[in-house]
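Presented sequentially are two complexes of chain A, the first with chain B as partner and the second with chain C.
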Partner chain A sequence: MATSRTQQNKLIGKDFLVPDVEAKVTGRAKYVEDFRMDGMVFCKTLTSPIPHAKIRSIDTSDAMKMPGVLGILTADDVPQFPPPAPGILAKDETFYVGEPILAIAADTEENAVAAIEAVKVDFQQLPHVVDPLESLFPGGPNARQGGNVAAGQIKLQTVKWEGVDFAAAGESKLPLGRPAEEWTYGDVDAGFKKAKVIVEENFVSATYSHNCMETRSTFAYWQGGKCFLYGSNQSHTAAIANVSRYIGIKPNQLVFIAEFCGGGFGSKIPGYPNMAIAALMSKKINRPVMHRISRYEEYGIGSARPGFQGYIKMGFAPNGRITAADLYIVQESGPMPTAGDFRAAGACMSLVYQPEAMRFRTVPVLTNTVPVGAQRGPGENQFVSVVEPMIDKAARQLNIDRFDIRILNAPDSSSKFGPDQGPVTSAFMKEALAKLRTLVNWDELKKKSGQKNGTKVTGIGIGQGYHSAGTNGFDGLVRITPDGKLHVHTGVGNLGTHSWASTARVAPDLLNVSWDNVVIERGDTRRGLPFNSPQAGSLTASTESRTMYAAAMDMKDKLTDIAAKMLGGKPEDYELGDEKVVRKGGGKSITYQQAAQKAIELGGKYSGKELPDELNPITKNAVAMIAGSGLIAAAKDKLPRVGTTPGLTCNVAELEIDTETGVVEIKQCMSVVDVGTVLFPLGLGHQIASGQVQGIGMARLERHLYDPKLGIPAAVGFHEGKVPTYLDIPPNMTWQAVEKPDPQHPLGIKGVGEPAMGSGASCITSAIADALGGHLFNRTPVSTDMIVNYLSGRPPAHKPLQVNTV
Partner chain B sequence: MIVKDIMAPFDLYQPVQLKDAFSLLESFGTDAWKMAGGYDSMDWFKDRIMRPKAVIDLTGIAEMKGIKETADGVEIGALTTLTEIENSPIIKSKYRLLADAVSHVASPQIRNNGTLGGNVSQNARCLYYRYGLPCYRAGGTTCFADTPEGVTREHALFGADRCVAVSSSDGAPALTALDAKFVIRSSSGERVVGSDDFFVGPSVDITRLTSTKPEEILTTIRLPNSWAGKNFYFEKVTDRNTWDFPLVNVAAAISVEGGAIKDSRIVVGGVSATPHRLTQVEGIIQGKTLDEHVATLAGQSSTRDARPLNYNGFKIPLMASLVTRAVRNATA
Partner chain C sequence: MSDTDSNKPETTRSEQSSARATRRSFIKGVIASGVAVSAVGYVVYERSARRSAAGAVERLITLNVNGRDRRVDVAPHETLAQTVRYKLGLTGTKLSCDRAECGACTVMLDGVTAYSCSTLTHSVRNRKIVTIEGIASPNGGLHKVQQAMIDELGPQCGFCTPGQVVAAVALLNNNPKPTLDEVRRGMSGNLCKCGAYDHYLKAVMRASQEA
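For the complex of A and B:
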């Protein structure tokens, strides 16, 4: 169906100045906390100081008498969701330090805080746990009174492993107790039997915060029975249903304004429970309410990537082919079943390394740490970060080149994937790795591996990344007004990746409209925004370029229809010229202005008065707002797509480790990506570079710290959370794309956001192991203290499966 | 209840003369808080752990600012910013050790406002103390870090006494190595102390890291000529390359004559509540020819008596390496 269009198109594949850049760099962009309104008041929440407790009673009598206090919101005032789903305000039981319990509104934020401090809560402390294995131990604490294991499709239950499981494993191995979920394909035992080399390791990946620069503040007020909500969110129209549910209203009662988002990384996909507090407080006290979330509060409710305690066994044939893999993941899930990383890790193993046979077992364990959720490459990225150095270990033992072993096992377009061994739409990872090998001049570069320069030793690492990167089935909406402007209506959120703008270029490209004549309608549901995919899962570039394609094709049909009506003949006698419809072979034409004016006169399907029934109600609602204002095309993407659309990336890193101090200096990172047709080169480059930066954070720095006895978090700020700084990233980062279009996408486009971080992280862990002669830490982050201990012959400070202690 | 990141109200005073600052300190007593660049103070205020009634912003006091040469060396006003010190031609030519050290403090933005006096007077960074727990240092009766499961990667190897917090200053080890004198004034006069008396460990006063009393102000830091232009070395190991406190840092001033070590002052930070001066190491290497053997000997002998906690054992080899590198690489 598709061929590469990058050469022939005018906008697709070309760089441009993203329209919101000036507002962002000059500070004119308005984020939630920038909004003000007459009569606006502030609210603050009281959060739990205890990791696990029963709330016996709450006494607000003194607080309500404090100056300026206007109202209080408790669990009784907000919609309830059946446990263990996350709630808005804790009702009877609190599960982590930082969990919101009630909110108080006052004329000033200072008065609201003073009132919060006057509230008396009678807590009955309950046993708490921050280490999943401790909870699985016979008699170990449960994070919830109702149980210690839950996830999507795994109901809340209590799982305790056998004492003999722990005794047999000792402290350095993961006990392989009863899983909550498992799957197998192929003959795993036979696969291991025919292996020449077996790599068998236990590992830990740290839980750590999403560290969004903009905290999840919310501003809300009510008018005419509608809730006007200003939120910081990655997605826009994809969040409407969920946000409405949290507030307890119908989707068409919500006016959702989300023009800018200062970072989400997966923590702000479909909205979040906290958004309801400002909305419901506003309704209760009949005042506009600003609910600013402080940095400390953000570390409580702002989500975190779940950590793993894992076991992996891989068998390798003499040529390096992976004959079998056995993976067990215990996930630190926080107190609510809000992350499916464990499943994604299993699927990642099956796709990226294509083991001939595989068994996957898992148990997601609830803990009294902060709630977790999807973070850029959820599951895949923490998994590849610990596995890539193990692939190197096998290559070393088999005396195979590290690129060769990866290319041999890499997926192609015929590869299968996951427990069901379903198809992929395309996979060009072998080509990506081959291109990377050329880009980095591998035969020369690999000679640097282990080379000493004074006290420093060089390490060269290879990393791979994967995430599904495209779906379908959403609605496109474009409109030409009588002034000749093409209005691209998009429900894509502005999560910072530029995809809202790059996907908006598809329709003008296909309709031959100059970029200067495009108006992007976005950021505020009053502008008429269609139902689009969430800005998550590396979906947007691929998915929303499809919906734009669908809308553009609908627009093209309507334009030629109108031309035929106005000038005679049949629609197929016409084609699109530069912002006009022209008779094929020359002759009469109409301008887009004329077509738009005519559409208003014609009404019906041309002006948005009649719509296909298949459109989502959110899209229908959006079209109703603009109907009659021009020529309107609204269409659902019904183009075929069978299988998973994978985004695949690979990176090489060169670094030096000072063997006296453990200090790691990353010298350069290079990347090649399989993202199909390149939609926006500059934006793609930003995604690759940012993935490398965030990957450095995962591989080296970012952490959760919990005192296990007290259950209190210590990494509650940008300093303690150790996000990478400008000086931690290499001066030299380059990239290339494979540029093979995905055949199941009309323009060949796939996404990239998440895998870029996975390969960015795993090339660093691979390079560190390489510099140290193949030593595996089997843990992320690989912090300086761990390297120092290893280099000086000291035992690690952490037990192999200990968590939250970096 | 825990509410953080919003300051409790206080009255702000901005004296422009020292005598007015002293009278404010006297009149408010323990309700007063002295603030310089504010980077330590604001954290305490925003966390609502410290709630002074009166904050006395010292940054308007001109006589506490600037660098000047004297007959005995150099005087640095306590309010001189770290950026000014980093860029000062006098400091760079005579006391490069200090310029090096302060150039590693936090980040450029923080160094632009952070002061030398504030850097050496900053409070302990122990995560439990900073969380607001009632530990010994906060006036309580226990230590939450030094427990069987305590998270102690950043804590002390030496000098623990109920409290295991460390000095996290980069300026303090450099000033100690340069044999700096600290001028402390109050309405009743002036006293001048060396590092030994300026920095205090928990066995002396568990609630403070310096000997500056509430009614006193550190006004000036004097660097004597005796160590000007000697061989210097500063290195700081951190998790990140900017905006991080030291896991361990080292500052060394070494006087070398004819290839032999005539005298030295070697100081390690991040390993005890005070800058940890290695007088025994200095004694061992005195008079010896400066070579790799002596450098290694210095490192090996530096960590004697270290008492690691759960997670900070790595500081022992790291400290030894840094001391070795200091002796090996100190240059004029």
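For the complex of A and C:
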């Protein structure tokens, strides 16, 4: 497929000025809370102050008499979803501190808050739990009255392990009780039998907030039976179905404005229940409603990466090959089944390390902590952060080079993975690791490992990252208007990765249109936006570029069709020149302006009046808005793709630990990525560097904190949540790409966003262990306190599987 | 009251709104697009809504914002971030933590950076306030920091960017040729959860090398 391209490459792979950046640096970019409307009023929510309770009664009589109050919204006013799915407003039972129970609208926000304070709720406190193992203990509390285990395909149920499981494990090991889900491939027992070295560890990765800089405020009003919703969302048209469902309207009744999104990191993929509050309040009181979310409220409803309590056993052959792996993950799932990280961790083990045989067991446990969800590299990144130092441990015991052991186990394009041992479209991780080894001058660099300089000791770490990074099946939509402009319609959203812009360059590249003649239609569904990939899962660069490819090929066919109609001959007698269609071998031509004008006259499929049935209804609705305005190409990406498309990255970090203070100073980080064809080098570099920064946050700093007795959250702001700052990052970050195209993508492109953070986090945990002579903390984040305790010979301040540690 | 500069898009044509206005009324300004701004009554921290008694001090004061004197009605407990965003229509200043942790609301007071979310507006009556909207030249030409942030692709999601730009401009005004480490320290009061620090740093260093 990659060979079918005949056009000269003009835009793909080149740097450019991203069109929306000027708005960002001047303050003109408008985020949800920057919008205003005449008559706009405000709403605020009453949220649960206790982690688990039954709502016995609510008395709003005083509140409704408060000055300025315009209306109230309770669970009875909003669509209901069967438990344990997340709801919009709690009905009978609340599951976490910060859960919205009701909303009040008033003329001012202050009046709305005052009215909220006048609401009387009679809560009956229920037993709560913030530690999954406590819930699995015989007789332990359940986070919900209906049970303590649920996730995706795992129905809500109660799982209690046996007392003997806990007794056998003691305090330092994960009790290996009955799992809720299990899979195996290969002969695991035989694999361990032939192993020379066994690494067996228990580990914890902390839950932590997404901490988007822009909270999930919503602004909504109604006009002509349609809901106009301004939301902070990282995807755009992919979220329409879900947002409409929360509001209880049909997708074509929603006008969704989402031009900028102030951070999502996975927490704003398909819309979220909170969006419905402003919309439904606005409908009820017939006023435009602004629902501002404060930082404190954001902590409750703003999602978090779920933590793990885990057990892993890996067997290594004398040459370092992993002969068997046995992985058990207990996930802290929050109160709703909203995160599948545990599954992704299992798949990550099987893909990145290619064990010859593997068993995976898991139980996702509900807890009375904030709802969790996908966060950049959900599952994979927690997992690689704890397992990469263990790979080093095996290399040390076998006396094998740390790069060699990783290259030996790394996947290639023939590798299989996961419970089904399915294929990958391409994997060049061995090449990536080899290139990284050269980039960092490994033979010299590794000599620094353990070197002392005064009170400081150097550690060198290697990390790897993986996430699936591309899919297919979405609709492309491009349009040429009689003024000769190529309108690229994109519904992928604007998370801040700049991929909406880089993928929009594919169509003009293939159609020989200058970038100056491109109009990007995005940000507002009234502009006619097709059904596109969610901006999540490292999907956009790969998925949207092939979607654009499909639309561009359809446009090319239509251009040559029209040329043949206007100038005679057959479509195949024509080819694309610079913004014109020319007869092959020279001769007559038509401009794109002429073709667009002709398309309007021809109508039918040329002007968007007739469409292929296979298009998504959202796309059909979008085309209906622009039909008749030019030459329109709307096409579904039906190009073949078999298997998972993996994005793979590897990093090296050099750091120093001060053995007196425990302070970690990261000196440099270097990365090599397997992302296929590079679409936008500057943007790719930005993703890699920011992945390293977020990885430092995960490896060293960020975590939730709950009072274990009261279930009250304590890390509810940036400072307490320990978001990385300028002072936490290395002064020197570099990267390279393998640049081997994915053969199952028309342009060879794979994504990168998530793996870049996984390798960014795991190179740090690996480097810390290296600096400390191979000591494994088996925990993220590795706090300075933990390092100091270890260096001074004190026991850790927490038990091995304890959660909510400082 | 000086309100002559109405050619900038963010200009709020301040109504002489009156000492008559009660705190519950909407103080309305009309921004150039003609959209009315509902102005008072935003909450700083939930669970601490202040219910000042009728007749409490509420005054029409003059603020010098981006080089112009602006007349604006300001409640005693109102923060500068609220005033510039909701009364003057200068929404480039962002609110993220609303408690002096993140720097999204960074403005300059007499050339020194301040967290406007945690600055009472009444306390800055005699100061020169510069928001992100006052960074570019009056004719619209970008500041070298802004241009460098475009060229180096500084922002990701962009929400913290106005604060980063203001912090960087203040830093370079004070220290035109900083070292990388000085920039890191100077900017460390501005958080970016996307982790765009590396590109912001490159942009500030690039700007510092421009004339």
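In the analysis below, the second predicted complex is superposed on the first by the 800 of 806 C-alpha atoms of A that agree within 3 Å, B and C clash if a C-alpha of one lies under 4 Å from a C-alpha of the other, contacts with A are read in each partner's own complex, and residues count from 1 in each chain.
We take it that a residue touches a chain if its C-beta (ideal position, glycine included) is under 8 Å from a C-beta of that chain, and two chains touch if they have at least 3 such contacts.
Treat the numbers as computed from the prediction; the structure is a model and nothing was measured.
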Which of the two partners, first being chain B and second being chain C, lies in contact with A:Ser783: first, second, both, or neither?
-> first
Quick one: classify A:Glu117 as touching chain B (first), chain C (second), both or neither.
-> both
Given the touch rule stated above, what does A:Ala714 touch, chain B (first), chain C (second), both, or neither?
-> first
Regarding the shared-chain residue A:Lys44, is it in contact with chain B (first), chain C (second), both, or neither?
-> both
Which of chain B and chain C A:Ser294 touches, first, second, both or neither = both
Could you figure out whether chain B or chain C reaches more residues of chain A?
-> C
Thinking of the overlay built on chain A, is A:Arg794 touched by chain B (first), by chain C (second), by both, or by neither?
-> first
Between chain B (first) and chain C (second), which does A:His686 come into contact with in this model arrangement: first, second, both, or neither?
-> second
Just chain B (first), just chain C (second), both, or neither: which does A:Val32 touch?
-> neither
Mind working out whether A:Thr725 is in touch with chain B, chain C, both or neither, as first, second, both or neither?
-> both
List the residues of chain A that touch chain B in one complex and chain C in the other.
-> 44, 109-110, 113, 117, 294-297, 719, 724-727
What residues of chain B sit close enough to touch chain A in their complex?
-> 1-6, 9, 47, 107, 127-128, 131, 133, 144, 147, 149-151, 153, 235, 237-244, 247, 310-318, 321-322, 324-325
So in the complex, which bits of chain A are touching chain C?
-> 17-18, 20-31, 33-34, 36-42, 44, 67-68, 107-111, 113-114, 117, 210-215, 260-265, 292, 294-297, 495-498, 682-683, 686, 689-694, 697, 717-719, 723-727, 729, 731, 733
Partner chain A, residues of chain C touching it in the complex | 9, 24, 26, 31, 35-38, 40-43, 45-47, 49-51, 85, 90-99, 101-102, 104, 131-133, 135-136, 142, 145-146, 149-151, 153-162, 165, 180-181, 183-185, 187-188, 190-199, 201
Quick one: in the complex, what on chain A touches chain B?
-> 44, 46-47, 49, 97-98, 109-110, 113, 116-117, 119, 121, 294-297, 660-663, 700-701, 705-710, 712, 714, 719-720, 722, 724-728, 783-786, 788-789, 791-792, 794, 797-798, 805-806
